[in-house]
Structures are given as C-alpha cells and as structure tokens.
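Going by the order they are written in, the chains are A, B and C; count residues from 1 in each one.
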Amino acid sequence: MAELQFREAIRAAMTEEMERDEDIFLIGEEVAEYDGAYKVSEGMLDQFGPKRVVDTPISENGFVGLGIGAAMNGLRPIVELMTWNFSFVAFDQILNNAAKIRYMSGGQFSFPIVFRGPNGAAGQLAATHNTSVESFYAHIPGLKVVSPSTPNDSKGLLKASIRDNDPVLFLESERMYGLKGEVSDEEDYILPIGKAHIVREGDAVTLVANGKDYYIALEVADRLAEDGHQAEVIDPRTIRPLDFDTIIASIKKTNRCVIIDESNPFASLSSEIAFQIQERAFDYLDAPVRRITAKDVPAPYAKNLMDYYMPQADDAYQACRDVMYL
Amino acid sequence: MAIPVDMPKLSDTMEEGVLVAWLADEGDQVSAGDVIAQVETDKATMDLEVFDDGVLLKKLVEEGDAVDIGALIAVLGDEGEDISPVLEEFGVGGDAANGAADAEEAEATDEAEAPDDAPATAEGAPSGDGAAQQEPVPAGDGAPEEDDGRIKASPLARRMASQNELDIATIDGSGPQGRIIKRDIEEALEAKEAAPVEEAPAEEDAAPAVEEEEQAPAYQRPGDVVSVDDEDLYEAVPLSQMRKTIARRLAESKFTAPHFYLTIDIDMEGTIAFRKQLNHLTEEQERPKVSFNDIITKACAVALRKHPDVNSAYLEKEGEIRYYNQVHVGVAVAIDEGLVTPVIRHADRKGLAQIAEETREMAGRARDRKLQPAEMEGATFTTSNLGMFGIEEFTAIINPPSACILAIGAIRDEPVVKNGEVVPGKRMKVTLSCDHRVVDGAVGSAFLNTLQQHLEEPMNLLL
Amino acid sequence: MASDSQQTSPSATEDVQATEDHEGFTKPQNEDARPDPLDLPDALEFEQTFKVYRGGTVGHEELGLDTDTLLAMYRNMLLQRRFEERSLQMYRKQKISGFLHLYIGQEAVSTGSVHSIDVGEDTIITAYRDHGIGLAMGMDPNVCMAELFGKKDGCSKGKGGSMHFFSKEKRLFGGHGIVGQHIPVGTGIAFAHKYRGDGKVCLTFFGDGAVGQGAMHEAANLAGLYDLPIVFVIENNEYAMGTAVHRAFADPDLCKQAVPYGMPASIVDGMDVFSVTKAMRDHVAMARENQPSFVEVRTYRYQGHSVSDPANYRTKDELEQKKGEDAIIRLKSYLVQHELSTNEALDDIDEEVKQQVLDAIDFAENSPLPDLEAIYEDVYSQKDYPFLA
C-alpha cells in the first residue's frame, strides 16, 4: 500500500495497464505535452512517447469518434475528456457509436474503450461546467458507467475498466483529484465492475452515494452514529450496471433509504434506485425513499447559490431522521 | 374571540372519546401545543392538545364523560371573555357542564366498554409527538374532515400486520399524516401479547410456564393509567418467533374449534401405590423414575385405543374427520421462550419406563432448544400438567389438529368417604377440552371414565 | 506535407511523398522549424489544383484488369442493381420495413473502390446507403437480404437492418445511420492501422450531405494532423435527401473541403467504374504512405432518398439524362466493344444474377425470425450482464 492522490492512483492504473498491453493508448486534450489539464497524465508522455500519449485539438466529436474507431479496429483506447461537461458535443459518438454498433452489427465488433474525466460540479463554474452526467450515460444500453469514490477504488476500478471489453465511462472529479488515500500496489489490483461496496454496516437506514457524495454519506453516518443510529453506507462504485441486489438486501434490513445524488433530480440515478427499491422491496419499506440531489435548476455562479444548489449533509442527515421517524 | 376546543378524531375508527382526565384547570393560561386533557379513544389514551394560546375559560365535560367527535369540550379565550357565542354555536345550553353526557352517549359508552379486546390494545398508544402530528382538526360542525376511509400505512407495516393477523384498522399510526409504520405494529404486537385479555389464563394453562410469568412485563391495566406518564406504563420486549407461533396457533384453535370441557375427579391412591412399586424396580434397574405424568400419559394412550373417536382430528379444509390408527401423545413442556410439546410416539405400545425415559430426554432437549421440529409434530392427543404448581384444575386450549387436550391438576389430600367413613384420600382433577366438531359430550365422558378406571386400578395398564 | 499545403499547391497527380515520420501522432511542441506566426508575409497566397478523373479516359488495360476481373466487376454491379430492385419490390410487399435507401445508379463507386483495395485487409466504413458497398465487398446476398427481412441469418442477426450492414470478415465497419457521425470513427480505424503499422488503409465513404456536419471537419482535421492512412470518399449524388448540393453548400465543389486540412483531393466521374478505380487506386496509394486525402465522386441515385421519396425535387428529364450515362450499361458496351464479351454472355450473367437474388429472397423468407432471447445478446461482450427487467 502506498498513500497516493486520486490523480496518482488513476495514473498508476493507466501506467500499469499500458506497460502490460501495447494496444492501450491515451488520447485527449492536453494529455501529453501539458501533462494533463488536471495533471492526471503527468509524466506519461515521457514514459510512453507521443505514439501512445496523444494530444488532440479541441475536437471532442472528432477524437471521441476516433477512439471508437480505433477500438473497433482492435486497439484499447483510453480517451480523456477534460471534463464530462465537454462530452456532450461528442454525445452522438457515445450514444450511437460506442454503445450501439456492437448490437447493430450482431456482435461482430467490440468496443474495449475507456472514456474518463472529471464529472459534476467543480465549484463556481456556472451552468455549463457543472453537469453531473451519471443518468445521461447510465441510461444507455451498451455502456458501462463507473464512479469511483476513493483513490484506491479508482485504481482498481480503472484497471478493470481498461481490461473490460465493453465501453466504460469513468467518472472522476476535479474536487477529488488531490484527495489522498492508501492505494494498493498489487500488480493486478482489480475491483469488479458492477459490484457495490458496503462501506459501513448498519441497520437504521441505508445511505447510497457515489463520488463526492460518498463523503457526505460518511459524514451523515457519523452524525447519526452520535445519535445512536447505525446507518448502512453503500457506495455503488458502478452506476451501470448498478448493483441493485446489494442495495435491495440492505433495504430489507433497514427498511429505509436515503440517496445522495449530485445530479439534477428529474429522471436521475436516484430516481432509478428509488424505482427499483419500490419494485423489489416494496413490502420492506417503512418510509418513502428520500433523496438529496442538486436543485432542479442549472448550476448557478454565485457562491451562496452554488452552495445551496449542491446536496448538503444537513439535508441528508435530516432526511435520514425523517425516514426513521425521529 | 373565544375559541372552542372540541373533541378531535384521534384514531381512524374513533367516533367518540372519553375524557379521562383534565390536566388544566379553568383560569389556566395555556399555549398552543399544551396538553389540557387526556382522551381515551377506542384504542388508546391520547393527549388532547390545544392549537391556540389563551386562558382555559370553561370546561364543558366532566372526567369520565364520553364525547362525540366535534362536540365542545372547552372554551379558550381572553380572561373574562364572553363565551356564549361559542356555546351557542355548539348548541350548548346553560347547564353546559353536563350537556355532553346525554342518554345516547351513555349507551354508546357502555357498548364501547363491552368488548374486552379494545382495552387490550389500548396501550399501544403513540407518543405525544406522533399523536400531535396526526391529530386532525375537525370542522366546526363536527364532521370528520380528513377521513376518506383510507388507512395510511407503510408497505412494511401492512406486511407485518398481515403476517401477524393484526387488523390494521385497529392500529394508530404515529408517522406523518397518521401513517402506520413499523414501530406502531411492533407496539401493537407487544400490547396484544402482554395485554391481560380473558383468554390469557387459558394460554398460560396450556404452558405451565412459570418463567414466562416472571418475564412478563409489569403492565398496568387501562384503568390504572389515568394520571401516569405514558413512558412508565410498560417495558417492551420484542416478540419472539416462538411466541408469535404459540399465539397464532392457540388463537386459531380457540377461535375455530368450539371447545367444551369435561372435568372428572380421580382417586389416585391406586396410582400412588403402583408408582411406588414401579420405582423400586426402576431404581434397581438404574432407570429413571416413572412420574405420575408418565403414568397418565400411558393411561391416556391406552384409553385412546379404546376410544378412537377421541384420537381424531376435524379437518375442515380436507373435508374430513381423521381417526388416527396410531396413538401419539404430546406432552406440553414449558421452556424459557414459551411452550413446546414433544411427542411420545406409539405411547400405547411403550412401557412406562420407556415413556419416562423419552419424556425426560425430550424435555431436556426442549429446554436446550435442541428439539427437532419433527419431534414436536404429529400428536394425536395432548396433555398439559400444572399439578406441580398446585393448580387444582384448569382448562387448556386444544393443540390443533388434535381433537382433545387433557388438563391435569395437582394430586391433593382430600377427606373422602370410604365405606361410610370420612378418611384421608388422594384425589386429582383432570379436565378434557374437546373440539365439539368431532367429539361429543358422551364420547368425551366415556374416554374419561376409562381413564379414571385405569388410574384408579393401574394394573389395567399392564393388561 | 500537410502543414505545407497553405503555402504551396500540391496536386493529387504529384507523387505524394510519405510525410516526415515523427515518432508519434502529435507533432513535437517546440519544433525549431516552426515559423514565427507574428512574422507575417507580404501576402498569403493560396492555390491548389484538384485532379479530375473524367469518364471514358481510362481503359481496362491501363488498370491491368483482366477479362475475368472485368466480368466479375460487371456481375457485381448487376448484383447490386438487381438486389436493390428486388429489395424495393419486397419492401412494397411488406417483407422489408423501416428505411430502405437504395444505391441504384451509384454502383460504379462501390465496385471501382473495392477494386482499389485489398478486400479483407483494408477497411471500409460508410453511411446508411450501404447495400452496394457490402455486396461489392463480397458479402453474401443471402445474409444481406435476410438482414433486410429482419431475420436471424441476417449479417447483423436481424438487429441492424438496411442501414447497418457489417462484415468483420470483409472488414466492412458499417453501415451508419447518423449523417457524418461515422467519419470520426473512420479516422479511428485508420489511426489503428497506423498505430499498428499494418500498412492497411481505411476508405471512409459519406454523402454530400455529410460534408455539412462538424464531425466530418473534425475527422478531416485529425486525419490531416495525424497523417492517417485514410481516403475520405464523398459520394456526391447531387442531393442530400431533397436538397441539391448548390442549395446546401456555399461552395458546391465539395473536394475543396480538403484544403483547410492540408490534403490533396480529386474529382471523379462516378458513372465510369474505370475512372473510379483509377482515382481510388491513386488515393489509396497516398493513404498507404500516411497521406490522407479526399475524393469527390460525382454520381447519381435513380431512386428517391428512400422508398418513401417520390423525388419531386428533380425533373424526369434530368433522371432520364443521368440514366443515359448508366455505369452498368457503359461497362456492358465497353466489354462488347472491346470484344471482351458478348451481349448474350452478358445477358446470361444478368439472368444468373437475377436468379441469385431470387435465391436470396428465398433464403431470407426461409430464415427464422430472431429468437426473443436474442434481444439481450450482443449488447455487451460481457455474457452475464444484468439487464433490468
């Protein structure tokens, strides 16, 4: 184990995999000469050279599509998006090409490709630069969506994503790149895609949260513990396929659930989790499922508005108490 | 402007409430949220809160009065304010204090008190907060505004209620908008379990479970509660699965099988002498002592052979009466969690020593909870013995699907008349509970006569 | 080369040099030779010549096509034509549903292009008007027809339909339905060829309408930037759905789209299979040297945009005039004139092809519908993906 920053753990995963497999390359804006817009790929150009660490112009539709074509023709690209906010100019590439060509070709072509970059809000960047993309992409059959919450998870999950033969969207966070944590230095440290992590066990309420919200969930669980209630905290780790079995099993134990989801609320990740709970655990619910999401508006700029826009620990804590009828 | 305080609807099935205690006096200054009285509904004793600030100008009902929902209970207002507009509005005359208790309501009260199950669940009362949240404010004319007949309950609560055969309509919800939630069901189940309902002694009889009584929560009857803080009324112990099963099976038996009871007084001197002889032998052979109960088990088994009608079961679903070809006697054993009945199979064919050994061994394992379910199934007849507790006689609830159960009392010293003289005697009363759907009085009596004969002349058992 | 094109005037006829090979795809950050952008010239002049491959100017001998190959080309163009004519009939008989975009009239483009590459090694990606290319590459008409019928034996197991023909074996990478969005994918396919150094090239076909899409421009820029082994083939059939080229583009000479991306480009008469073959061979040769380029093939579709389009936006005279230049008739005349075959022999081929298409319809009719369970297959490589119910 070594203590690494989130960005270093991601870099370690990419580096280890690229050392292992010549077909893997990294492409994206500023990944090479600039050492990465968020310094995730720092030093990788020096190690792997310009053939395997490839700078692109600002041309997401172009280089995302290029990655897809390269995957279709046998390579294993890692496509870095400077942020997922910029992925929407390449949305068709991901929606119609990465996700669907395999199906439309009757399984003739596979897409072993990873799209990765920071997701969601990163401060006072206003509406265009603060989109949480989980539900946009998790909606699409043919894709997998992974959302690590800790440096260690990011390493194990990214290595699994790179090795996966299906397109994986890997959601990081600017806010978390500097976060430090113990990270496994096992050579084959793989965390399975599609498996949730029960971070804390408890019986009072189930808290589901990914990415930055994971830390809110832990804070809320601490506060509830001070009140004498043990919350069960589940980090889905993978958004699609979501490990509903683990969540449902937890609901059957706790009878209540609060989801913290940084997305805008309508038709979001939390909507789907709540739907699955009512369908599969209806008779186990002692209270409605609650969620704490971003507000149902574009992200604002002003600091107080932006703070208010984001999911708040206080709200999540109160929601937990509400569903526990406290 | 004087403010009326009227009887709120405090439960979904409530039609009237009995004002059991005033907690404020006329002239007291009260604030919104203050509890000014306690009201007993059909299910629970609830706090009556006010929603306004003011002086309690007038109480219009006495403690113990039953009041319809929406009827005037009290008037708040400013010191010295005229309350007559409010009284007029509610049609209350000058003799307002007695106005509520008219003849019709008195009758209704009697009815409400009649069913003994109502107070039994009364202690599942939600805490003050929950009650306040659900408390609807009736419209001025007393019509229940919010009752659309729908019972709000969480899915979990509904499932728990259904599994435990609780009528959800009889439970008060402590969640938002009166939603019935898990804890309400748990409280209702505790209340049902611990409540001193009429059947309770009979259940206890079936299980000679003195430990159970020691464990039973200190519980106060509804009548005692008047000015006691709710918190101190009971100690909640979650229902064990065994307790739930016992409750369900016994209730099912008692409510579906029409029981009748036959008691007979048996002279036990012969059995006492017989047992003394037997135990000389068992001692020599280093076998366990034969108890009176073992002899009774054997006597029952042999009598059942002669009276196959008693060794039977009424099976409604199958549409048949089953007469068993084998005699399996279940023996009720009290353990910490409740009551189990290990079964002595083919008791009619087994020797007394063997019955003694098996009974002792199974009872031991029952107490260690090591009995297999199969060992407790298949009884064609059951005995329950409270003699060791000095119980003279009692009635037991039939262990379904058997047709009968024998309740065995203590052997007691009794002056008896023998040959025209009063001499000391040993007597034991046994009571046969019969499922009248399959066993009639004469059949049951004939069985008891044979049993009596066998116990008075136990040599019969050896034949 | 690419970076020089703003100052000089490369022509597609020039023997294009392999681009200077730097180690990777991106050029080094601090290249010494890079001129100072602030050191402005007196004037920035620009001039580029585009080669034109006119019809009737190239013969089979120049192309080294033997009789067997010529007859195979003829047979293949006829197969495309007869296949689609029957497809239209099957559509009207409701055997085929959805969109059906016919390629009739454009067969010389597919056949000529295929004869410029190494089928099964080099790669092709195209848009939704894909039947012709698929058949030209040697896809089995049976499985192609079965795909149109939505049957289990279709090339995409009945999951793709008309717009989504794929053949991994022939290296046809689709069949794509969103205009222009497959062009970046084509650059990626070419990127992989270069990355591996396998010497293969990717022909990326698209219609005139796709030239208006940003994706094309991004893809062209990346190809020019990374010197990818790719040929961008604009199949200019004069109409993007119902909008004529001159009504959609400020400059209707679409080959000029190569200019900003530093590439050579040509214009080809798409009604002459030899011209197409010649032009495509020249451009494939560039691509093999990592010089990307554009080819604008001027062609014509006889049918409407799709089967539901009566093509009222053009006159009957226009259509009849174009049919007078029909590539299949042209090849037939050429073969007879050059005594490479006879009318009778060529008509026999036609009869054989017609029967082949009828057989394909039989095959498609008799192929079972896909199993319902198959709906969950081929979405993921992962076999046990937990789909939501």
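Annotations
Operating definition for what follows: a residue touches a chain if its C-beta (ideal position, glycine included) is under 8 Å from a C-beta of that chain, and two chains touch if they have at least 3 such contacts.
Every value quoted in this text rests on a predicted model; they were computed, and no experiment measured them.
Across A-C and A-B, the chain pair carrying more C-beta contacts is A-C.
Comparing the CA-atom centres of all chains against that of subunit C, the greatest distance is found for B.
Centrality by C-alpha centroid: the chain sitting nearest the overall protein C-alpha mean is A. In terms of their C-alpha centroids, the spacing between subunit B and subunit C amounts to 86 Å. The centroid of the Cα atoms in subunit A and the matching centroid in subunit C are 39 Å apart.
We define each chain's centre as the mean of its Cα atoms; on that basis subunit A and subunit B are separated by 56 Å.
Counting partner chains per residue, subunit B has no residue touching two or more of them. By the touch criterion given at the top, residues 22-26, 28-29, 123, 125, 154-160, 164, 166-168, 173-178, 181-193, 195-196, 202, 214-215, 218-219, 221-222, 225-226, 377-382, 385-388 of subunit C touch subunit A in their complex. Touching subunit A in their complex are the following residues of subunit B: 130, 154-159, 174-175, 181-183.
The touching residues of subunit A, when paired with subunit B in their complex, are 255, 282-287, 325. The part of subunit A that touches subunit C in the complex is made up of residues 25, 32-33, 49-57, 59, 61-75, 77, 92-93, 96-97, 101-110, 112, 141-142, 144, 164-166, 194, 241, 276.
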